[in-house]
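Pasting the structures here.
Heads up, the next two complexes both have chain A, just with different partners, chain B and then chain C.
This part shows the complex of A and B:
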């Protein structure tokens, strides 16, 4: 019966109820978006790093992988030692350099990755086959580069390296054959990248150290704790930065602290808006119906049932508004994500707004909780209304 | 025309070796104030520097402590900097006589675009860009953030419009009895409407003024917090007269509009009906 009363009260003022539902829907949409923003970036970054199962990265001391042009010296013995470690399932070095190709009468600059297929975690083969051991002329092409340069599987192209900035003459040229079209997991949208055997690409770069690496990726064997392996490696190689994915996510979070705080502030504002809306509307509605409340009390309806009536009304309005808000939030999240993922240089795999059931559940629960909390004062008003005094003033 | 070669920033490892009394023959460096403050480095101290962790370290004497120009592109990364004499850093990195970029200042009266075009005609193997082009390219990140803020602002405006409409509707609805009495004693519908409109205007004006004060306070707190957090003099939140005017105009338009809608709806009923509903 309480439910029927609540429904009748909501229908009695359709415009008012509609506006409250709309207000709660917009507030819920903002809350959901901010809930997704606060955790989505990290999860998306973590998923990107773990997409090939490599949980540890080694990079030059004081830097993140590919963050600067610094390199780790003497990577070949380090990789050999890592591969013989019983706790490590796979390890591989990678190096990044600028390479060039001629197109008509101009030069196109690409990112050239030197990879070791035995231990790589930053590309996925889309078409063709991965580099075979001992293949020194094979090349992997990122999909944007293949599209832009019109390369197909089996094409042979001339890669230029160590370009002299004065004469634009290449210090080294290599004929490479396209073996596969790949997706470079950390590349930004439309980034032109190619990859080749580690030793071949390394030889095309200009390095002071004869055996440099931009990064070493490590996959820890099942049953071994990633953090303890990372700690052990950090102690064994004090001159190299050893980061587990968890540590990288922490550093990523520090760099994007602005978005975390913005999401917290806006989520708080949306909650405050929802609480104020529900509390104000219900308080006024209860005030308007004090006579009705007094009559109900006079005919024996208990205070608890009246409190229940107000709470059910609040829960119903908040639930409908939140339901609409979740749909609205998903639409606006897509719009906001399109804006933020146009950051220059951002890996295409990163998303700022990741729709997850947990985020939706959290936003819904918090919003309905806030609605019920906001109904506390109006419910108290309804329960405490003096029967005789209210009836007399209504009669006057 | 004057040329100023600048070498790219590079990751280096440094270690404080001796406090004052270092070898005066060592080439000097300048240390950024944040780094100096964090590690207790003073002018005259000697620092060991290596390009790679496993590489050989070289000693340098701190000749100056400087405060870097606040740069929004790098401030949030928290990177610490040391300045070298150009040739010294090139030698330390093992790449003598190479630079990453060259700054060019043109003489008064010469346009940067025409100077860049002329350099590009005669130069080979490098490319000249006017500073405005580079600034435009490097500000892409901030343009994205700005577009994001605009989108969030739009959602906030929709939310506040609905909120305002709700509140004004209730506020006017609460005055049913007053409206009935005013109508019964002979006041014209238009007069009652204007009275409600005036009240809505007053409420919206006070609300807009309070909102501006609140926004100013939030700006001050935001800048205090982030300037301290990132050890920079950058301004993170800037409340300009344009923004205040836009917010005030929106509040007034929405507030008065909502009040007018609610008042018109209320005055559509007869005084007796209003009296009964009160």
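This part shows the complex of A and C:
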């Protein structure tokens, strides 16, 4: 019965309650977005690196793979040695160079990857079939390049390499046939990329070293410790940078510290706003109903029951607001992610906001907890209302 | 008279309030005994201490000194939870401004004390309807308090006060907000309650109401000035 009183009171001022619910929804949305931001980028980075199960990267020292023209020298014997290592399940080298195609009167520049399908960890075939062993004319096309250049499976295109910057004349040309449309896992959004057999693409680039590699990816066999293997390889190849994905994630986390601080500050602000909203509305409501509270106490309702009612009211308002806020947070996260991941050079597979059930649960729990905490003062007001004094002032 | 017939026994009851650093004595050592089945009116001018007296008798406030024994229980011996439960089961309150909960219907307002006492829903609904019938409002059971007239609200408040079959009914100016005709209906209701055996204490300015009570206690400056029967 008294619960009915509390429930009907909650909708006694629908506009006021609605505005508070809306305020909590906005605060919850911000809290959820900040919760997703604080951990989402790191997880998304890790997922991206492990998407094909390769846990170790070997790359030129002091640079990111494909970021500069620096390469690892003599990759073929290195890959052969890695493949014979009993702790290693798969290994493959990749090289990246600029390649070009003519489209009408213009020249379109693409990233050309030289890949080894036996040990590749950075593309997924979307349509068609992967390069077969010995297929020296096969080409893989990234989905954005296929769309932009109008290429389909089976099309033959002329790839140009070693372009002279003065004359725009190519030093080498190759006719390649599209075997598959792929998703390049580390490409930025709308990046135009193609891939071909490692030896073919390497031959189209300008390299000082005859056997260069931009990166070697290694998959460790089950039962072997990835970090131990990485440490062993680093000792064996001192001229090369060897990193496990876990180590890369740790480095990434250190660089994300500013993001995490920012998200913590904004999440705290959203919580403070929610607490102030709930505390204010309930304090107003309790003060307005102090006469009713005194009557309830007079006719035999205990303090504990009144405190419980105020807490339930706070939990209900916060829960409804948080429910709306989760939806709003997911929408805004998608929108913000769209903006942030369109930054040039950022892999499209990285998400700033990863909608995980754990993040939603955490945001909901924290917000409802904050709502209950905010009800502390109004609940105290209700419990401590002096019956006689309040009834006397109501009668005046 | 046998001891068991005593409903209230107040001894040397005093109450002081601090107002703007000044101490005001609302009650100055009052002794009062009320027996079962009595219909008592407490009269007096504003500030004479009659409402304070009612609040102390009903356990709504604590005396500065003195004791109130209700059905043999010293109210000072009860903690807040026990005192609240005691009010719920032993006392029925009727207030000048009715104090119904506006978001509840008439029947829900009457059900409320029974729900707090833990009575099963069917039982309390039946009793609430019976009580609304007793006060002549059976047809208004599903109306919200805000849809009722002043007299109707006071009758619902009386039904609410009777819900847990209290040993004592305390009414503070029950006709104070009503016109004469409506007030008359409430007085008849109190007469009927008295005839049915209820112990009633009414605080009032209304001499007409006081005259219907079997006993009149007149207060002046926080003391009992006179205590007459008949």
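Following the convention adopted for this analysis, the second predicted complex is superposed on the first by the 381 of 396 C-alpha atoms of A that agree within 3 Å, B and C clash if a C-alpha of one lies under 4 Å from a C-alpha of the other, contacts with A are read in each partner's own complex, and residues count from 1 in each chain.
Here is the rule we use: a contact is a pair of C-beta atoms (placed from the backbone, for glycine too) under 8 Å apart; a residue touches a chain by one contact, two chains touch by 3 or more.
The structure presented is a predicted model; accordingly, all values stated were derived computationally and were not measured.
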Q: Determine, for the superposed arrangement built on chain A, whether chain B and chain C clash or fit.
A: fit
**Q.** Contacts of A:154 with chain B and chain C, given as first, second, both or neither
**A.** neither
Q: Look at A:357 in the shared chain and tell me whether it touches chain B only, chain C only, both, or neither; answer first, second, both or neither.
A: neither
Q: May I ask you to decide whether A:20 touches chain B, chain C, both, or neither, giving the answer as first, second, both or neither?
A: first
Q. Now for A:77: first (chain B), second (chain C), both, or neither, which partner does it touch?
A. neither
**Q.** Dominant toucher of chain A (residue count), chain B or chain C
**A.** B
Q: Look at A:281 in the shared chain and tell me whether it touches chain B only, chain C only, both, or neither; answer first, second, both or neither.
A: first
Q.
Under the stated touch criterion, which partner chain does A:298 make contact with: chain B (first), chain C (second), both, or neither?
A. second
Q: Give the angle at the C-alpha centre of chain A formed by the C-alpha centres of chain B and chain C in the superposed arrangement, rounded to the nearest 10 degrees.
A: 90
Q. Which partner does A:134 reach: the first (chain B), the second (chain C), both, or neither?
A. neither
Q: State the minimum pairwise Cα distance, in Å, between chain B and chain C in the overlaid complexes.
A: 11
**Q.** Contact footprint of chain A on chain B as seen in their complex
**A.** 8-11, 13, 51-55, 76-78, 93-95, 124-126, 140-141, 144, 147-148, 151-152, 155-156, 158-160, 162-163, 165-167, 169-170, 173-174, 229, 265
Q | Complex contact set, residues of chain A against chain C | A | 1-2, 4-5, 8-9, 12, 291-292, 295-305, 386-389, 391-392, 394-395
Q | Footprint of chain A on chain C - complex, ascending | A | 51-52, 55, 58, 60-61, 80-81, 84-85, 87-89, 93, 95-97, 99, 101, 103-104, 108, 111-113, 115-117, 160, 164, 172-173
Q: Would you tell me which residues of chain A are touching chain B in their complex?
A: 15-16, 19-20, 22-23, 26-27, 29-30, 33, 60-63, 68-74, 163-168, 208-209, 238-240, 254-255, 257-258, 262, 266, 269-270, 273, 276-277, 280-281, 284, 332, 335-336, 339-340, 342-344
